[in-house]
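Two complexes, one shared chain (chain A), two partners (chain B, chain C).
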Partner chain A sequence: MCFKNLPIEFDAQGNATLKRNVADPYHYVETPAPTPIEDDPERMRQLVERNGGVRRVDFDPVTRVAGALAFHTVVDLDQREVLETASMATLFRGYEVILKGRDPRDAIFISSRACGVCGGVHATCSALAVEMAFDISPPPMGVVARNLLLSVEYLYDNPIHLGLLAGPDFSEPAVRETNPEIWERAERTRAPGRALHGYEFMSQLMTDLTPLTGKIYLECLHMTRVAREAYVLIGGKYPHPQTVVPGGVSTTIDTSDLNEIMMRVVRFFDYGRKVMAIWNDLIDFFYEVNPKYRDVGTRPANMIEPGQWDDPFAYDARFKSADDWGRQRWAPPGVIVDGELVTTSLHMLNAGVEEFVEHSFYEEWTGNGHGNDYYKFPTDPAGNPLSPYHPWNKETIPKPQGTSWKEKYSWSTAPRWDRLAMETGAYSRIWALAQSGDKDWRGSNYIHPTGHSLQIHLPKAELPNDLIEWHIPETWGAFERNRARAHCILYNAAIAYDNLLLAYDLLRKGGPDAKMSTPYKVPKDFRMGVGLWGAGRGYLTHHLEMDKGVIENYQILTPSTWMASPRDPFGNPGPYEEAVAATPLLENYEKPEDFKGIDILRAIRSFDPCMPCTTHIHTDDRTISREIITCACGSEGPHEH
Partner chain B sequence: MRVLVGGVGYRYLRDNAVGLYMTDQLSAHATNGTEFEDLGYHPIGFIFNLQERPAYDRIVLVGAVKRGREPGTVTAYRWDRTLPSDKEIQNRVSEAVTGTISLENLLIITEAFGAFPDDVRVVEIEPAEETWGDGLSPVIEAKLTEIEEAIWSSTRP
Partner chain C sequence: MRTWGGIPAAAGNITGSMSLTDFLGKDYRSALGVPVVNVPGCSPLGDNFTETVAAVLLFLQNLAPLPKFDELGRPAWLFEETVHRHCPKAGYYEEGVFAEEPGDNQCLVEIGCWGPVVQCNIVERGAINHVGGCMVAGGACIGCTMPGFPDKYSPFYKSPPGSAISGGLSKVYGGGIRRLRRMSMKTGNREPLWDKTDEVPSGWEGAKDKRAPVDKVNAYFYKKLQYRGSVNHAERNKKQPLPSSRDILRQKGVHAQRSTNVRGERV
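Right after this comes the complex of A and B.
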């Protein structure tokens, strides 16, 4: 029984049904959000009387994240705690609206534009939804080609977060500015991982994390090239591939292509070990300096992960068999509640999802919470109960309005699983795999889950072969998110390697299994489908409904929608809000004006926010613009040229 | 003289695609060492691509930039190569690697990493419409001849 809050029970055969004799099973009564401190004069007076360190600190925009995120806090600088948080997605897109009425195949290429990093996984998720609706499945080589494409995509994604986005928070300039006492200690602390990363002292490592000039930063930029080169050998273009189609991949692969990809993947075995050693040393050093760093960005280990990298001989693109092919994935699906895996069923993962908009700039589509009498899909195609707030029942109705921290303040919805706020990321997939153990899993030549850890048996590259092990941490927080993400570089590389070997084998054998795609016709009757495939940053689903050959409804649910979410109607904050609220302010400041908020920023950035994905909605009269800082000086002649 | 003319922008954001539209159109007329290319991808990738090629004598970038001018205004100039602070450059790199495509980011990042030739020209167009959709606005459509003229002017020795 994986649900504690949804009205779903299971019969003796394990089939999910709605609880009987419940009149309005998904109905809820909204819990009012707390009054913001600034709107509560009495509380403000009490806080100010207690000490003078209460300050509103807004991060707008939060830099070094993808896209536009604003984060509101009220902090008590004397007590070194965060009193109030609100996460605000400020950017406007609109894929759900844009895709209505279009040929479903367009969704693959258009939804890819939702993100400038993970366009390939949006395209793939879309292709999965479309092929489920079309009732076609790819040949094994088509599946392997997708697996390769998206394992090397994550070899771009995870390193850029660590090297270019989160890494600078641990660099010499940042540490000197915010915690000079830590810098002084770093100068006399030897780095345990020197054999892998080459740095004798922690200070040297931090110096090379410095943006634009540090060797770690620059090497990361260089490795983005290696990953992209591997990617375009199958995808044609990065980040928006040209070859992802329903039923497979519209390109050919020969041994030479595989060799080219192999040469690049192998480099990540050594690079990944170096990145892992850098982050292990950084994290352990900070913990040693101050154990309270374990609490930066902490929250319950509630995670959701749809899985990815299909078994080419198990995946049939059918929803009814999704539990079977899902569990055969290299990264199986999983929902983790309070650190424990509660289900590996794609059906239950899907059935538990709801999206709420009480604090988002949308209209409620079911009739202000009273629309449970009738909705389109009370069950999924396999007969499992669905909520009226489920993506297949959702309509996107934008409603721009003024920002109120108590009412509506974000363009992100509030997705919940079993009415719990979940986070997701590269780490949720290794956590789920580590706990799922070997019993249902397809297996890998290089990866071995133990129930409490994940072992990666790395083949020899320039460095000798090695056994790497990631352990499920005792305390979950910002630093552990980064540590797990660093291990995921090796995990991604090992899966790419597994699939390369499989691809060589399929090529050698030839025949129908070595074909790249399956022919199809666009059906004209009503169909539905869903793509469930985690992005580099975690959970991603595309829910599709089509009729008469065009899209009727399309819903994209992304990792950062889960995590940047505002409060839900049950009074619970979203993951960023919850994690920052729990963050101790360990920065060294004497005066309020010296406060930089580094611990808050480390907490937020540890989730690897991707706001372009989050706010994939559309309003006709809003455009994205930013201040232009370069000068158009020196224009010449008539018409300014 | 080797000249690269690069269109910069997003294909599905109306006038934001004007640079790409122009290089698509003009690529059939590439002659005498003048190349046309879609640079609607992130500047780090562009820098790596430049490193693979023989040096250009001049790079001309074409794209929409919103500066509050009359929509359709065409501005051609030799870029003064002034860079913002390191912190701003760092933010632009973060944007670039996470998918932001803009003519300004391309200028700043390529210059910051020393990948430009000495001569960098820009042809900017003030967009009229930047919302989702295919095709250019009528305002920009009416300016295509002027934009083309500005591009060819920018390629001349």
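Right after this comes the complex of A and C.
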């Protein structure tokens, strides 16, 4: 019984049905959001009277994932706590509206453009949705080629987050500026992972994390280029691959392509170990200095993982068999509630998803869950109940208006699973896999789930072969997100390696399995499909409905929509909001003017919100702007705007 | 940087998105006095962008010539050629051989490539570090550098109507040319020594010792034309004595059934 809040029950055979005798099963009564502090002069006065440290601090970064992201907080600098948070997606681009009324064949290349960082995943996710609607599936080699594209995309994506986006928050300039006492201690502390990363003292490691000049930073830039080279060998270009087609890929793969990719992938077995050692040392060092760092960005381990990397011999693009091919994925699907895996069924994962717009700049399309008799799809194609708030039932009706913390403040909807806020990312992949420990999982030659950890057997590269292990942490927070992501470089490399060997084998055997694509005709009757796949930052689905050869409805649900989501109608904040609200302010500041917000930034950035442009921090009296790519937090000091 | 408005400005656009050129209009001049510069692509190649900036900076420092921009503000030296002209599959097009389905190695025009009419340099420059590029990896061009993208190039994966004419002609003409070339290759794929001895000493299957009479006649006339007015190497080769160490293992009585080293010793 995986649902606690949705009106779904299971019969003796385990089939999901709507609860009987409930009049309006999906109807809910909205819990009003708390009144924002600034709209409540009395509370504001009390707070300020009690201490002078209450400040409104707004972070206005620009992301490339789900449009621009801004973050509003009210902090109490005396009590060192965060009082109020609001996460805002500040941009609407309307891919769903643009895709409506188009030829379904356009969906792949057009939806790819939804993201300039990880467009490749949208192309594939869209291809999966289109294939389900067309009822075609790629030959095994086509699936393997897509798996390779995904794994080398992550070989670029995870390092770039760790080295370029998260790393600077732990670099010498940032640490010296925000916690000089930690820097002093780092100068005296030996780094346990020296054999892998080469640094004797923690301080030396932090120096090399420094943006633009640090060796770790520069090596990361270099390695991301290596991964991109591997990608464009079969994808043509990046971020928008030119070779993903309905029914497979249009790449011609020969032995030299595979050799060229292999040559690049094996380098990540050594590099991944180095990155893992760097982050293990950094994280353990901070915990040792102050155990409260475990609470930075903490929230319940509620995660959603749609699964990715299909088994080329199991995947048939059919919704009805999704539970079977889903479980055979290199990253099997899973929903984790409070740290426990509650389902590995793609059907249940899909049926549990709803999107709410109470605090988003959209119009409600259902009449608040009433009238379950008339909404489009009361069940999915396999007969499982669907909510009127499910993406297949959703309509995108934008309604721009002014920002109000109590009412509407974001272009992100509030996706929920079983009405719970979920996070997703590199870590949800390995968490779900570690716990599923599925005995029938044909998975990988190198990856072994134990139930509480994930073991990766690394083949010999320049370093000797080795066994590394990632353990499910006890407290879930910002530091553990980064640790998991660092382990994922090796996990991705192992999957790339598995798929390379499969590709060689398919080439060797030849025949229909080695073909790249399956022919198709655009069907003219009504069809629906869904792509369940992963993006760098986690969960990705494309839901599609088409009729007469034209798209009727197209819904893209991205990881950042889950995580940057505003409050839901049940009174729960989104994951960023929740994580920042729980963050203790451990930064060393004497006057409020010195406050840099490093702990809040570490908390938000641990989700990999993908904001490679600019971050503006703005407090009541001034705005601090900082370029997060080119300089460490505060190292250039605040600029007055 | 969807230079021309791209997908946000495509049919169905409700956000009012448009290109910078549309937004700022004809009269815009930057601090340096130039109208909008467009480095097109969805997304543009990083190297194209950096090179354009570098070209302008080098010029301003009096170190390089004035960079040329075309009538739409594109760096002309990067975007004046069609991508088809430099495509690694252009030879297939010329010989009239086309991919029938995605994954085939030949020219992609029949599975939706617009390269012949698209100004882009990705196949010469590569996508990154000179690696990749759409058609290099088997991806058909959808015109993402062009102002008409995407609506004037969709539905994707459908062959452009114009290709029926040019592709059809190239099938006829290219088919003939291709056959002639295969003939020349039959000659060019043999050492003169093999012609003389009528034997190809290759241990691999499929090598033909003797040439068909018609190939011999073809080769004879072809070489006549080729060497006319210069030195006739065909004649010179005929006079060349056979090298004495030719086929050394057989001379020593060693055959493929026995594994030997080059001195004929058993190993």
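Everything below uses one rule, namely that the second predicted complex is superposed on the first by the 595 of 641 C-alpha atoms of A that agree within 3 Å, B and C clash if a C-alpha of one lies under 4 Å from a C-alpha of the other, contacts with A are read in each partner's own complex, and residues count from 1 in each chain.
Basically, contacts are C-beta pairs under 8 Å (C-beta built on N, C-alpha and C of every residue); 3 or more make two chains touch, one makes a residue touch a chain.
Since we're looking at a predicted model, the values are computed, not measured.
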First (chain B), second (chain C), both or neither touched by A:P332: neither
First (chain B), second (chain C), both or neither touched by A:Y238: both
Touching partner for A:G477 - first (chain B), second (chain C), both, neither: neither
Partner chain in contact with A:L164 - chain B first, chain C second, else both or neither: first
Contacts of A:V117 with chain B and chain C, given as first, second, both or neither: first
Touched partner set for A:P211, first chain B, second chain C, both or neither: first
Which of chain B and chain C A:R225 touches, first, second, both or neither: both
Partner chain(s) touched by A:D106 [first = chain B, second = chain C, both, neither]: second
Which superposed partner A:G248 touches (first chain B, second chain C, both, neither): second
Common interface residues of chain A - those touching chain B in one complex and chain C in the other: 94, 98, 110, 113, 116, 225, 228, 237-239
Touch list for chain A against partner chain B, complex: 63-67, 94, 98, 110, 113, 115-117, 119, 160, 164-165, 168, 211-212, 221, 224-225, 228, 237-239, 610, 612, 618, 620-621, 623-626, 628-636, 639-641
Residues of chain B touching chain A in the complex: 10, 12, 41-42, 44-45, 48, 65-67, 73-80, 82, 84, 86, 88-91, 93-95, 97-102, 104, 107-108, 112, 122-124, 130-132, 146, 149-150, 153-154
For the chain A and chain C complex, residues of the former touching the latter: 92-95, 97-103, 105-106, 108-110, 113, 116, 142, 225, 228-229, 231-243, 245-252, 260, 398, 515-517, 519
For the chain C and chain A complex, residues of the former touching the latter: 2, 6-8, 10-15, 17, 42-43, 45, 99, 101-105, 108, 111, 122, 126-129, 131-142, 144, 150, 154-158
